[in-house]
Structure formats: structure tokens, C-alpha cells
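The two complexes that follow have chain A in common; it is paired with chain B in the first and with chain C in the second.
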Partner chain A sequence: MMLLYGVVPADATAPERRGLAGQRLEMIRGMLAALIVEECSERLNATGDEARTFAEIICDLATTTSILPIRFPTMLPTRSAVAAELQANEAAWRRRLTELDGLSEVIIRAQWAEADSELGSASNSSGTTYLMNRAASIHRWDASVAEITEVVRAWAREVKVLRRQKGVRLACLVANADVTQLRDAVTTWQQAGSDRKTAVSGPWPVFSFVDDQEALSA
Partner chain B sequence: MTDAMERWSNEDVALVDLIDRVIGGGVVLTGDVVLGVAGVDLVYLGLRLVLAPAHEVEQSVVLGRRSA
Partner chain C sequence: MSVPDDSKSPLDQVAENTLNALTRRVDADPETVERGLVQLVLTLVELLRQLMERQAVRRLDAGAMTPEETERVGRTLMLLEERMAELRDHFGLTPDDLNLDLGPLGRLL
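Here is the complex of A and B:
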């Protein structure tokens, strides 16, 4: 079994480290791109700890080369199956690697005190009131996405809306050199309103931008 | 700020974001794929496959209804 980690340029240097299963990471190279893989004799349980270790390996690999991470956990049965996937996709992967060279992903969370109070009151209200609160919440959410997108417009090449629990969560594709400025802009925006709280994580490898579909123009 | 908002810490947020992106982002292969799932033997799937966390599939369904 082959556990797949990521796509890198065909001429990337082979990684000098072991993977999740304790085996040395290998590169299966094509003409345009290469896949970093690990041969696994045992099945993965896909636990949270394994996901965390996988993430740390991807982050480590990203310090030395451009990489399109493969979604965890993806395994293929043989090396020839890996080579076939590579051959089928390497042109598109190489094109995206070139587009993403020097870029990272930064994730912004924003939440408002009103979001909690709306949810709290909705649970004790009539159906009509609940629907009105929900509609107001959705309008507020749409406006917030637009507002934060405007805040990061100067630095984010692409913005993608991620699953939300409360508030807003956006993934931003940012040049490595601009990460600090984007963080500062978000901090300034937070300080402009006492009811809002933000958190910024990253820079991460470009997990949310491996293809250019569904990205909003920033 | 509410308690829930105060509980955010930079380390917690970073870890949650990172793991969420590892299982919810990244390149998705659409060929024949073998998956490992907790407590279940590896299964070979000869179908077009999009692997995603359950919460994202649920969101896609909801968004589909809204746009219909």
C-alpha cells in the first residue's frame, strides 16, 4: 500500500525523512511532477493523531519545496497505480504548482457577540421569530464575508469561504512576503470594533487552493 | 465577549485549522482508490471518489437546496 502525501515539481529534492508508518518517504517522478509517497505494510486507522502527524509532515515538506498536499488519508495499492495517477494529472498539477509558487494559506476566523445572542434567543422563541433571526444571521454572515474579504483584498490572491460553525472562516491565498501585513490588517480591523473577535492561523501549505475552482476573486 | 469566544487560543485555533484542512482540503484523486477508515479494513473502491469530512458533505447538501 502506498500512502500519498503531496505533489511536488519533478525536479524537487527527495525528502530526507520518515513518514507516518515509519518508512522513508519516496518520490515517484514523472516528466512534470512527482508524488511523495510512503510504502505502508499496515493499514492506517486515520485517527486524529495520524492526521496531525500527517499535517506536520506536509508542513515540513513545504519548507523545502512547493507542494500540493494530497487529502488525508489517500492510499493506492501499488506503485504502478501511483504512477498512473501521476501520469493522468501531472500537467494540471504542474500548472497549479507554478501558480502557487511562493504562496501560502492563511485562515481567518471572525466572530461577533451578536452571533451567540441570536442563537441563544432563537432556541426559546416562536417559529416566526426563529426564522427572522436566522434570516438576519445569514444576512450578517454574507455582509461579514464581504467585509473581511475587503480587508484582505490587498494581499489575498484568492479567498475561499470555509465551513462555519459560528461566525466566518476564510482561507486566504497569500504571498509568503505578505503574511505579516495581512495579519496586521486583520488585527487593525478587529480593533476597530469592540464586538468582534478574530483569530488568524498559518501560514500553511495551500491545502484549500490545490485547484482553482470555487475560489472567489479577492 | 462570550465565554465561547474567550476560549479561543492561538494554539488551539491553529491545530484545529490545520487538521481540518488536512482532511477537508488537498488534492482529491478520482481514480481507483483504497481507503483506510478507523476500525475497518481497507476497502478498494473502483468508483469516482470524492473524499470529504461528513460536515462538509452536509454543508454541500444544504447549499444545494438553497441554490435550487
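Here is the complex of A and C:
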């Protein structure tokens, strides 16, 4: 089995490190793009620890080359299957690599003071109170997404709303040179309201901006 | 109030995205297929619950519900949320487990 890590330019330097299964990472090159893979003896369990290590490896690879991370744990049975996927998709992958060159992902998380009570109100309340609290939470969420999107608009090429349980989580596609300015803008926005808390992380590889149509699924 | 998700490092949060792809699938392993199917069913129920909630909020905002309706709909949604939490706990699922990756269409929830 071959575990797929990411798509890189065809002329990228081969990584000199081992992967999740302890094997040396390999590159399977096409004319326009290449895939970084690792040979594994069996299918991975995909535990949280493995996902974290996978993310670390992608982050490490991204320090030396543009990379489109592939969803973990995508595996193909043989090298020839990998080569076939590469051949079928490399033109689209190459386009996306070019579009994302010099860009990173920054994740913004925002939470507000009312969130805990709004989400934890299922017990000991009337139906009316519950619905009013949920309405307030939804309105607050919509407004926060709109506000943060506006705050980062000058620097973010794309913004995606990520799944959240509490508060708001947004992924922003940002030029590497603009990451600091975006971070400062979010900090300023946070300071303008005493009831909001934000956390900004990144720059990360573009995990959220690899077009799914161009990504492999296991 | 704490910083959002401060129990997890930024890398752990990024790693969540990579792991979610697997947990959104129904696991065909005979030993875990029940959990996978429950996960799928609860995800669909959660989708319906969220749609009902959004619709109820829209009607509330529009002033289209009487106080009695508001109480009845709110109580229904509240009980549904509680029941969903019980079922998640019973099958060892977290709220993050209730989602489906629809590929090109993105995530269901």
C-alpha cells in the first residue's frame, strides 16, 4: 500500500525524511507534478496521533516546496496506481499549485462570552428560552463570520468557514508576506470588543484550500 | 473566559482536519460497522435538527410564531438536542464525529 502525502511541483527536491510507517518518503514524478508517498505494509488505523504526525510531516515538507496536502489517510494499492492517479490529475494539480504558490493558510478562531450559556442551555430552561438562546447564538455566529471576513478582506485571497462546535473558525488563504498584517488586524478587532476572544494560528500549509475536485479520495 | 479551544495546540487542530476525512466514512470493518452506521444515521439526524432549528429561528425572527408555538418548537428542539447528546455518549461519539465529507461539495455540516 502507498500512503499519499501531497502533490508538489514535478521538479521539487525529493524529501529526505521518513514517514508515518517509518519508511523513507518517495517521490513519484509526472511531467507536471509529483506525488510524495510512503510504502506501508498495511492500512493505517488513522488515530489522532497518526493524524498529528501526518500534519507535522506536511508542515515540514511545506518549508521546502509548495505542496497540496492530500487528505489523510489516502492510500493506493501500488506504485502504478499512484502513477495513474498522477497522470489523470497532474494538470489540475499543477494549476492549483501555481495558484497557491507563496500562499499559506491562517486559522482564526473566535469565541464570545455568551457562547457557553447559549450552547449549554438545554437543561433547566423553557422551550422559549432555549429557542431564544439558540437564535441569539446563530445571529452572533453569522455576525461574527461577517465581521471577521470583513476584517481580513484586505489580505485573505479566500476565506472558508470551518466546522465548529463553539464560536467561529475560519481558514484564510493569505500571501506569506501578509500573515503578520492579517494577524495584527484580527488582534485589533478583538481588542475593539471586550466580549470576544480570538486565536490566530499559522501560517500552515493550505490544508483547507486544496480543491476537493482535484484531491484524491481514498 | 478562555481562549478558544485552548486545550489543543494549533497543530492538533490542523491535524483534526486530516483525520476527519476518515471518521466521516462508514467503516466496513465487521467489528465496527455498527458504530459506523450509527455515526451515519446520527449525522443525518443532526443535519435535520440543525435545519429545523434554522427554520424555527427564521420564523421567530419574522414574528411568525405564537408564544405557544415558540414554546412547543423550542421544547422539541431542546429535547432533541438532549437525546442526541445521550445517543452520542452511548455510542462513544463526539459532536465532531457527526459530519460527512461530500468530496467536491464539501462537508455536510
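To be clear about the criterion, the second predicted complex is superposed on the first by the 205 of 218 C-alpha atoms of A that agree within 3 Å, B and C clash if a C-alpha of one lies under 4 Å from a C-alpha of the other, contacts with A are read in each partner's own complex, and residues count from 1 in each chain.
Here is the rule we use: a contact is a pair of C-beta atoms (placed from the backbone, for glycine too) under 8 Å apart; a residue touches a chain by one contact, two chains touch by 3 or more.
All values derive from a computational prediction rather than experimental measurement.
When the two structures are aligned on the shared chain, A:127 is found in touch with chain C, with no touch to chain B.
Of the two partner chains placed around the shared chain by superposition, neither chain B nor chain C is touched by A:153.
In the superposed model, A:77 lies in contact with chain B only, and not with chain C.
In the superposed model, A:7 makes contact with chain B only, not with chain C. In the overlay built on the shared chain, the residue A:110 is in contact with chain C alone; chain B does not reach it. In the superposed pair of complexes, A:135 makes contact with chain C only, with no contact to chain B. Looking at the shared chain after the overlay, A:210 reaches chain B, while chain C stays out of its contact range.
Once the two complexes are overlaid on the shared chain, A:88 sits against chain B while remaining clear of chain C. In the superposed model, A:24 makes contact with neither chain B nor chain C. Within chain A, the residues touched by chain B in the first complex and by chain C in the second are 46, 48, 51-52, 54-55, 58-59, 69, 71-74, 107, 109, 111, 113, 116, 162-163, 166, 197, 199, 201-202, 204, 207-208.
Contacts from chain A toward chain C in the complex involve residues 46, 48, 50-52, 54-56, 58-59, 69, 71-74, 107, 109-111, 113, 116, 122-123, 125-132, 134-135, 138, 162-163, 165-167, 169, 197-199, 201-202, 204, 207-208, 212-213, 217-218. Contacts from chain A toward chain B in the complex involve residues 1, 4, 6-7, 43-48, 51-52, 54-55, 58-59, 68-77, 81, 84-85, 88-89, 93, 105, 107, 109, 111, 113, 116, 162-163, 166, 171, 197, 199, 201-202, 204, 207-208, 210-211.
Those residues of chain C whose C-beta lies close enough to touch chain A in the complex are 1-6, 10-23, 53-54, 56-57, 60-61, 67, 70-78, 81-82, 85, 95-96, 99, 101, 103-107, 109. Chain B meets chain A in the complex at residues 1-2, 4-5, 8, 10, 13-15, 17-29, 31-39, 41-42, 44, 51, 55-56, 59.
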